[in-house]
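In the two complexes below, chain A is the common chain; its partner is chain B in one and chain C in the other.
The block that comes next holds the complex of A and B.
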């Protein structure tokens, strides 16, 4: 028997359930979710904030045959009896397992702010974190202060501005995403967010909230019908810790995504694999996919996905690859440029012509190309500037023919030399040249070029009679 | 012998090559040579590409097959009489059938055969041979979009509108279709439209595009899902159209919701900003968007994947979500490739099909066709193997031991060609009907010389579902017979009633009309007389007291499902069947080039085509070439887990670093299909020609 019980009903649990069914797991599969609704696409929450999507559009239905219990708060794991105890509607329930998967995700980190937050990370009226679709509905009023200069803060502020809300982004570093973008990129981001209608207040924090406004540490106040806390997340590892499993930042797992108890696995933001916890959605999905293979008897070992962070906002394209330490690693070669006025910035650390770390700002083509090369561990092209700026490639060998050999009509394989011979043989109009060489008779795209060439020879012939073409 | 119409000194017909079927006027004869001029036929409007202009060269091919050949005891093909050749074939077929049963004999057809030939070939297989084992090379090029179109619209006609409609388009998205090289005369209809081209290569077509999306090979479906995602999030869906005319958007959107643009970018390499621009262009949401409609057109680049049906469906979903198909000002279309790729898949040479685009498993369809053929329905075999499965099974335990090939060259054109050649060689009897000694014909036990385009009458159906007349300018060489005559002669030798196999094209067509009556592709109202008076007839065109005008535009009022609604498909991206690895670090993708056509059996016999493209080549990014130790214009070996081919290196800085391109027109060691992967789409049976994992190695130039 292999009854699989998943604690947590987020994206990692959802992907695991789908892949288990895909790989033929036919036995019981139960999912216990603490929220009133099961999994939804957290990366799309900003669209709900912006009013582009309804919360319902974000739902991810679990595959048929999955028993999903929502509003179910797990209270403990009995590893001896292989049971999970939970509370559902005030009633205690017990859920046996052969395999237990902890996919409890992360919970929002809530700073202590008088007037805003209370004990145990509780938030008061007009204050919310942003982890669920329900949180989005708690953002009300015409003015909002977003606290936190990380990706979620930037994406949320940008989405709020897009829906017409007067939005202020407060972050304790000089600029949002400062750890990754530094002064140059961070400054550009502040400017571009301002263009979108987001007022960025860097180097500050919120010290107190009163209804309708917040007080900052520089003594100024800012209107805020709602204060949104985007102040990070911590792996939700309480259950594992209580059950005596090893927890550092997250629940420690090996390459088979196992905890110290071979019947208990952990994936997603609650898990810590090779020293990295809360590694984000890409990692969560990759872990879910690998664990589905492992639980259906395959000899799969999980390898960490490369840490890549791609900002999801329409204000600007930003991508950060690798860890910031990689720029300091010995032996890496640096590549970069700054276009302050054009809001473009690139900084790359290369080894063996491969990217080990990069910060790319305002360079959509480079972000796409380099992102894929990095994901696959492939070497960069030699034309580094062309790569960064997304320039069209240089001409190929086919097109580097001499002037006389240049292909004019691809459809009929007519080069300038052939046209020139026809001209000299008496074909002095486009129609005559077409009849003689078939140029222009295929797709017709070379028509203007042949006409131009015809005019040129014509005028040369007038200037120097007898020497045309 | 049949009474062919009197030959004319000047004949209006159509080009023998691709599915555009450009109108041409032929003059001359075998002695003075044949000249071709384009006509003002609405598809090509006076234009022709190099292949069309030089098509008469094939009529005069130096190695034209003019006599039947039989492999003698010495192992060589030697000339013989028709009687001997046909008796040899009939005797061989009878012997195999007696020993191993009717399914031990198989038929392999082609998308270049006329409707009449395709029809009669299917009938011959089902009745004279009583075999279920018939399929054709169209399986390699159209079957995925055909299936996706049938599922979405209830009907598969490549373009459900005339190509001229494209002239008023505002935006056209071309996915995996390099028409500037493969169908040049079509480009004139796209002069007004802003083009979005989806292609891993910067093709001649991509060079004309306003927006070129260059996804990594094998990731097209992720891109299609991502474009739908953007349309949903940005509120660009045509909600009214979706409500009135479609079903099932929920499932399609549920899948698309997981494909946000940044995720699509990370898989495809297509920038988020370009994805957004594409959707806005299609939806007419760009500032200053002009009037005119939007079209989504797909080609082989979308289909030739292990999930090609799903990928085509992904693009259809996008078109439906934007309210394009059947709107009268926009739509979805599949660009059929082969000359009669459309008609060839409607009239029964496909393993699962009976004439009129009927399903061979549908009892009503079987009853109708059996009635026309004068046999009980239970005499009709069931569905057989799809093309590659058929070739793969040849000569094996339980597989066919005899094979008749008409109008195809699978030794060059099938995936994993070395394996297919081994299978062909293991047959007890291989019979090839062709007009030139193709690579497959050279392997045959019996070769039957047949007519080609300017020597025969018939009909073809082009990519718009327009039924066209092919007309003879001149008589075939003496002792060359038409395919219809060959089938008739063989059937009679196999004991069939002679009148069951009409050798006159018009008679075969009239029977096809009856067989197609009431089917999805209903030709019953189309006649040679109507076509010869210059009528433009698109199917369906049912017989009626008042002649039916044909159907140039489908779906304007309703789709062909019983409830009149189109269906969204719930599709998901899973990546290619074979991905790159350290041992095979590059994607190889195959395709056509301008100068050549399909396996090259025809165009490699044309002087000008050979001058333009004399030998196989591999297009490589200069950096990739340098890292593989290759020099420009040197020789390279392209190797996959299946095998290797040899090609001349062409450096091209527009190539993706991870991708090489090889045309598939060349024989022998230059066959691209020596490395291609035989993974088949699980539903259409179409091979994944577009993605193989390969490595490159430099080869020394062979000593002269």
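The block that comes next holds the complex of A and C.
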């Protein structure tokens, strides 16, 4: 018997249920969700904020045959008896399992701000975090301050501005997404958000709230009918800790996504795999897919997926792949592109011609292509600049007349083409080239250039013996 | 009838001008009088360091016997010009001699800039420009002892390198945030920084010299930096930039550029049609150039004009350079300080061993210029594409 019980009804649970059915799991599958409604597609919450989508549109129905119990608050795990105890509508319930999957997700981190937050991370009226569809409805009034310069803060602020709310984004670093975009890209983001109507206040934080306004650490106040806290997430690991399972930042799992108890697994934001917890939606989905294979008897080992995120805002297309440290790793080739006025910015770290990390800003075409090549683990084409800028194919230097026709010796009217022919005919030194073409025999000014060209052909000939000049 | 050209100054540019005119003036229309302030004929100032480490003056001489023995050339050494008379078309030397000219070219070069810090006149404070400066430095150098070079530009790094080869342990103080701020950006300077540090140079960027302290003997003992760091030091070499030698402009009543230099047009001609200026003393359309390549460009333009041809006017926008410094190749090509709005930039780099940046016109993607440092491709390969979209194998050309 393999009765599978999933605690949590978010995107990880949803994907796991779907994949278990896909891989032929035919036995009991039960999902316990604390919220009144089952899983919704959280990345699109900002569209609900902007009024572009209704909360219902984010619903993700579980596959047929899944028993989904909403409004069910799990209170404890009894590992001896292999059952989970819960409260549903004030009534205690018990749910037996053969395999238990913890997919409890994360809760919003709530900083201590006098006047905004109470004990235990609760928020008062006019203050909200943004984690569920219900939270969206708590954003009211004409002026809103969003605290937090991460992706959620940026998306929320941009969405609020789009629906006509006077919006201020406050972040402690100089610019939003600063860890990823640095000064250059971050500065561009601040500019583009301002263009959308978001007032960005970088290098500041909220130190106090009174109804209708917030006080910043530089002594200024800002009107705020609602203060939205987008200040990160904390893995929800209380149940696991109480059950005696190892918890560091999140619930510690191995490559089989298993806790210290072989019957208990954890996936999604609540899990900590190889030191990383609350790794985001892509990681949650990948873990759900791998666990579905593991639980249906396959020999799958989970490998961490490089963190990837795409910013969902109308202000600009932004995508980040891999961790920021990857740019500093030894043995990588770094590519950068900056077009300040055009608000385009890119950084790529490549190893073996493959992307290990990337930051792409204002380059939608490159985001699509490079994202695809990265997901497939494929090499990038050699013309990276053309790829970044979406240029049509163009000739290489060897095919280009510009290069071959370049005048090398002005005195004697010798072009590179002439030198190249002489080289191929066997003139392999500056002296020989001079004798064959008269280059360098005028003022002598082109001597160094001919010598350099000579070295270049020689090294090319060494690398590709079949293709000298 | 033979005309007389007087060239004031026998540096690299003055010499190039004389050489080019000799080559172009096939009919022997010109007699060339070259007046050198120094007691030596022109020498290769770029390789000056090799003189400090064993090379002879002869090794660096630019003028061969064909030049000095040419009857059309009258080279006078130790002959400084102090004034002139434009109406009479004469110059007067320090000895009081009046020399007539049909054309006058000022090629007086520049002098080292010594920042006004307390202690700059102490014994064992030097500049780095002439054979005589270098003789003095060699005389004061002590093996294994620390010294300070003020200035982390091209000249300062050359000086530091030479002092190192003399067995001293140089510090380099650069007030900008990185080495060679005129030519390089921060990324390229990192490549140079790593190599310089590897050679034992101790680099202090982003801070200036506050004062120079004397020991009991009255000579340099220590250098104090703006951040209060005290560097023990036996000698100090100032290589913190140059100032054009434009005194003759005032003596001749000619206009000077806003930041000094003899003001000339794009053909290197002053407002007086008989007087020209080339090299570091010239302010071409108001701008001075401190490298030899643009100086040679000016010499080319003026020599062509004097020979009755119509050469291209001097174009200072391309400040291409290519040099090997402290074991690192650094090069620039095309335009690296674009005017009129920021250019787009593309960077290709591997660690701190090689680095290439190209500047592109944002809309069209046309290549404007670039900066190369370390084991990169040659600027020769890239040069032809300036003004065009770079080829598909741009990255392979930059980092082969």
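The criterion applied here is as follows: the second predicted complex is superposed on the first by the 394 of 469 C-alpha atoms of A that agree within 3 Å, B and C clash if a C-alpha of one lies under 4 Å from a C-alpha of the other, contacts with A are read in each partner's own complex, and residues count from 1 in each chain.
By our rule, contacts are C-beta pairs under 8 Å (C-beta built on N, C-alpha and C of every residue); 3 or more make two chains touch, one makes a residue touch a chain.
Because the structure is a prediction, the values reported are computed rather than measured.
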(message) Per the contact definition in the header, classify A:170: touching chain B only (first), chain C only (second), both, or neither.
(response) neither
(request) For A:206, decide between first (touching chain B), second (touching chain C), both and neither. (result) neither
(message) For A:406, using the defined touch cut-off, is the partner it touches chain B, chain C, both, or neither? Pick first, second, both or neither.
(response) second
(request) Would you sort A:441 into first (chain B), second (chain C), both or neither based on which partner it touches? (result) first
(message) Quick one: is A:336 in contact with chain B, with chain C, with both, or with neither? Answer first, second, both or neither.
(response) second
(request) Could you look at A:47 and tell me whether it touches chain B, chain C, both or neither (first, second, both, neither)? (result) first
(request) Look at A:371 in the shared chain and tell me whether it touches chain B only, chain C only, both, or neither; answer first, second, both or neither. (result) first
(request) In the overlay, answer first, second, both or neither for which of chain B and chain C A:382 touches. (result) both
(message) So in the superposed three-chain picture, is A:308 touching just chain B, just chain C, both, or none of them (first/second/both/neither)?
(response) first
(request) Please write out, lowest number first, the residues of chain A touched by both chain B and chain C across the two complexes. (result) 382-383, 393-398, 443, 445
(request) Please name which positions on chain C make contact with chain A in the complex. (result) 20, 23, 296, 322, 341-342, 344-351, 362-363, 365, 377-378, 380-381, 383-385, 388-397, 399-400
(request) Within their complex, state which residues of chain A touch chain C. (result) 330-342, 344, 382-386, 388-389, 391, 393-400, 402-403, 405-406, 416, 443, 445, 448-449, 452-453, 455-456, 459
(message) Show me the residue ranges of chain A that touch chain B in the complex, using the header's touch definition.
(response) 41, 43-44, 47, 52-53, 57-58, 60-61, 282, 308, 310, 312, 317, 364-365, 367-369, 371-373, 375-376, 378-379, 381-383, 390, 392-398, 410-413, 438, 441-445
(message) Touching residues of chain B toward chain A in the complex: what are they?
(response) 38, 46-50, 53, 180-181, 184-188, 191, 202, 204, 208, 216, 232-235, 253-254, 257-258, 260, 262-263, 265-274, 580, 585, 594-595, 608, 611-612, 621-623, 626-627, 632-633, 650-654, 657-658
